[in-house]
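The chains carry the letters A, B, C, D, E and F, assigned in the order they are written, with residues numbered from 1 in each.
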């Protein structure tokens, strides 16, 4: 099971989202209509198949609005959901439940969408040695949460930011005046625990990269045959990462070339929510 | 032209996103490879057709990283883009440009995605009287930005949060013990500038709602024929809003029923980025 | 009873106020004089008649300083107080009680002042159909709290900010080049749940406004007879709001003209505190 | 002239107040009606006599909304205003001016109200040696700004918070078991630059206090004759501070008793705004 | 015993430090290796003699990471530690303990270092009347915590900031055009509870200062004989503070001159941590 | 030259430190004594030899207090300073310069202290292949700044936090039930750009580690002869890092063993400030 994010990483995002929704006057509708004494019991239910992620965010939303709301998780983050599956029970004062509902679902449906999409590709390439990784193409402010959801879906994380690994792209190479200069400057400039990855566009560049001893190579938008040759050239001396137009239907062939990683940007920038609803039991 | 968001609403989101990316050590790669004296000129270029939105967010990212970076916008927010169109020119110290690039693009590609999707539906229903509106199903923390992008794309905004209009849903009705009680409590509880909208599931409920004088009705998941009858029942006495499975291909028929508003959640929760790139001119 | 503000809207304001008072060294006096083991029991007592508001803010101040402090509310927000009435009992470690006392009272006395002043006008116009509303003339940073106190005092809230309704003032009309242009631009520019109110200075303007179908009219600084005619002209087709020099003694006559709303700025910008003390029982 | 507050103390309060007013959608009215190209020139004008304070807060509001807005101050903080006096000229894009107007005025009218009320008492006691001081009974979150306005009005500041002086009140004395114990514990517990003030209710207590060598005595709610005797007993060995029901009409007699300070809570908790308007010149 | 800092002053610093350490992905090592079900019991143990300070910061770190972690303090802040002494027991889920460990120790070892260094000088001058005080030469962001640690070590606090006492330095005197002008301006400009201290370089200046009635004099970098004469000149009419190169070995002679205060900057800017470890008991 | 930290990483820390010093009333002394019109020119001057670091923090302090203050850097970060060297000239309104002085110096003296200490060890081991690295034993809230100063001093950075590399310590090994299990779990749990380092206590453990293919080994508190054998065992297959009691006098012998890295905690937790003063030129 994927370790949960510490609460102090979860709470600030949920708090901000709740305040964004409450505005300056709170939930006008619920406050006017629902007496304080009414209690409710609801169920978070999957309305389509997928993988659930983000339950800590959702339950935190309810708890921050009213600590008297209890949440009982039936299917924790990472569970595979069938249509109709019960995910969690929410029980407590109806006002708070209704007020927090949308914020809780906004987190839960999006993060489950990320996890489900990730799982879709991970499953598609089962049997190969390749792993699915996400990128820095994330929704502003939600990177840690989205990368957590990728892990929940069976993927791995690439860089979390500009500061935790070197990734030399074509612009860096151009400015440095060549691959060798770029790699040497990078090696001289960063600490010993920082890995160096180089984006290569051609097999010639790849051979030059191998001679320089980089830790990983990013093989961007290469055809299948070129990828296969690239893997052969690398020969296990570095991690090979393929990127560009990787979808569930194209992933198996790409993974079959022997690359170590499939890098998939849309998992975090263009994903569809997983439909999860909050059913109020009367 | 859609009025820009004030800078004090734009800057905090961009600042947070930059810090999320910089982490504790900044851009290891660029700092190590690119000398401080190198300057660059780049172009933000559309890699697919669509509508651009979020240029203030993008240019703010560059400016916050280095005030010496100049940005010249060629096609402002709301412009229709063809593949290859030049959107803006970015000029200045290469380090800052490379460091801010991903954050700038994360905002720009997402918000342009929202605007383009909105425009897609707005165009599809051109000739009808219906308007496209978004919902509270937004990405946590990005609501104001996303709703701005919807406006840029030709849509309108529904509620910004729980506090700026009353929307009575089925759960409220159930707890109140009926539509009449719910509407009366709402009217007694909120200020005179707050409109009241009621979600109705059946035409019988709709007739009850009309008798109560609500300002708007949300017609959720009704078939085309039912929508037509609903519009007739309302007869201009309230705003009619249709929701449920509204996509570019289904929108025209729904709009043709005569409803005033098409409410589209996926514009803000499941949208695909518009592909915009930063081309470094050497 | 007026619904309470959610705790996540109350706590940040109280936390900031406590830190403002604690500075960098905390309560020098109490820390030096009062041993940690001393406990106390105090009573929040009304020193004049009025309406209490803000108990959540006050009790939060005590709880944030020391979670061991218990607070028992005898007369909740909205209660009418006579001189000497017991409002709440505060019990716990004396250090925390003394340290939080001033911050708790600053919130409680001010918000009760707002509620009491509101109640004064609401009572003065009892028997008419008019409602008392507050404005955006609030103390910077305290708007949500003050507007809550107005509700507690029996008033209603006008706009919470620039973004939750349209209020077209004379400057807008002047720039637009007339009432018609202003109203039409507003209608085209905002969403369907946003009401449009227009400030009118003369009955001629009012007739123009009625022809345009605005939702509400602000009748600023009109004499009683003019107000009466204005109400007649409107004839129930829009909400009528009177503003300008509304005090408890002038309010009844204004309300008797038939206007729907009395708008009172001084409730939130020039109000006198309600005198509430914390009596330490020895 | 009173030194201005550093901008880094002014900006955060103004920024928060602007965001409180802008909400999630900004100024709906102005954005819809006023074209971006329209410029305006307005005048901040006194609508009643008083003392102006808070211009930095007001001009910061305009500047934060749009840096293109110019502000020319004609009568700086501390100036005495007659009805109709021009305080400052505001010039620039009309949108920004209209959007920032209410926030700017909320600060300016309140802080000028504080300064004017202070000046009223200061003037009333002119010719005596007494000074007017404010208290910790401030509006939550606005303490630094209010205390600045008191200085602008000719007053002095008492403690800014719990941490910058010792003020021993009756409850501290009761818990310590007497005045001597309280003073001794305080002296032992705080640094050498911290002054110690003691609240005394009777002349007997005062004599005890004098024997202990406190730096100041707070003479709470004493009659004029008692105050005179108290001043005589102290004989210049400590600062004497009178508090309780000090208004412009009662202040002169109290000051004439020879006390050093008049402590006035309502200057910061129950003050009336000074009426200042923004006149749009067409 | 030194009163604890209120939790609302401790928590924000600890929260920020934890987030600084967790980054965007949390504790990679522990999350990957330690199952959620493993529990641990550890001991905070002194690895050298000294005085402990900062236990609230340390225990808050554990609690914020996981509320299920229990902390039992055996030797509270201010306790003298021998090598090997047990300070506290930490018990709970191993993941949280390992994740919070470094942040907890960073606070505890530094603040105990400050307290221990303070105690070293305080002990060295035992028997004299002098007190040890710290300065504003603190680690940015940690002033309140460091000054608390000085108190725990037996020292007193000098100014907490620029706003809680007047300290006139040579540059102020130069700009004012002399000691008299500087002191008079200061007295006119600040409130009655603010003490005035003057830095003097020579005995001539000191005599001038005494004639002006300042509350304290800072005797900077004077030799022992000069200090003795200074104390004699002051004759108890003001507080005397010596500063400059005060170390445990030089302190006794300086204190023996009769000065009231020894001001020691390095206690907060150049102190060595106290070595405290977290021993995991298997 | 070491790349500067982006301004958006520098400003928040400086802003917080200034507000910590300004408190609620600002610089009482300077405001009272120094007229607004007085200008000054000062010099930041080295009072001892060392390496300067943190000039951006210092100049930002002056600029944030008053944008009219100019700063001219003569010896940028990384420069070796002799006693008396001019580092920078500060020119502008005297009030702002005096108000910002202490905050500017607190950053500059501490960070220069870190850089100078680092340089001391780096110079001591010149001629070997070893590098100096810092640890996570940093001052809470100042990690990014301190690690920057280490780089300025010629050192490298180890992990910035728990999330940017795996460091398996003895407790992790104990819980995992052995080195093999710990390493395997780590490898399975983290992304491909994350390096794995293992702390080893004995040469037997080291041999086991080498068989597992870790990226780096931390050789804690080993004697010189053991270190030499460890380096031989590793034989270049992993990075070797020595830690424990590394001071300028012990460093050369340790570096001579052939280890790649010397890990030095006290550089960031127990360093002495570099004495830099601000000389006011009259």
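Quick note on the criterion: contacts are C-beta pairs under 8 Å (C-beta built on N, C-alpha and C of every residue); 3 or more make two chains touch, one makes a residue touch a chain.
All values derive from a computational prediction rather than experimental measurement.
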- Query: For the interface formed by A-F, which of the candidate pairs C-F, A-E or B-C is equivalent, sharing more than half of the contact pairs by residue number?
  - Reply: B-C
- Using the touch rule from the top, work out which pair, E-F or A-D, shares more C-beta pairs. E-F
- Message: I'd like to verify one number: the distance from the centre of chain B to the centre of chain E, where each centre is the average of its C-alpha atoms, in whole angstrom.
- Response: 51
- Item | Distance between the centres, which are taken as Cα means, of chain E and chain D, whole angstrom | 32
- Message: Could you work out how far the Cα centre of chain D sits from that of chain F, in whole Å?
- Response: 44
- List the centre-to-centre spacing of chain A and chain B in whole Å, with centres computed as mean CA coordinates. 22
- Task: Enumerate the residues of chain A that touch no fewer than two other chains.
- Result: 20, 22-26, 31-32, 99, 143-144, 157, 160-161, 163-165, 190, 194
- In the complex with chain F, residue positions of chain D that touch it: 1, 3, 5-9, 143-144, 147, 157, 160-161, 164
- Item | chain C residues touching chain E - in the complex, by the definition given at the top | 15, 18-19, 22-26, 31-32, 36, 64-67, 95-96, 99
- Which of the residues in chain F end up touching chain A in this complex? 131, 133, 156-160, 163-165, 190-195, 197, 215-216, 239, 241, 260-261
- Residue set of chain D touching chain A in the complex reads 20, 23-24
- Item | Residues of chain C that touch chain D when the two form their complex | 13-14, 16-17, 20-35, 38, 40, 94, 98-99, 102-103, 105-107, 109-110, 113, 136-144, 160-169, 171-172, 174-176, 181-182, 185-186, 188-190, 194, 266, 269-273, 280, 282
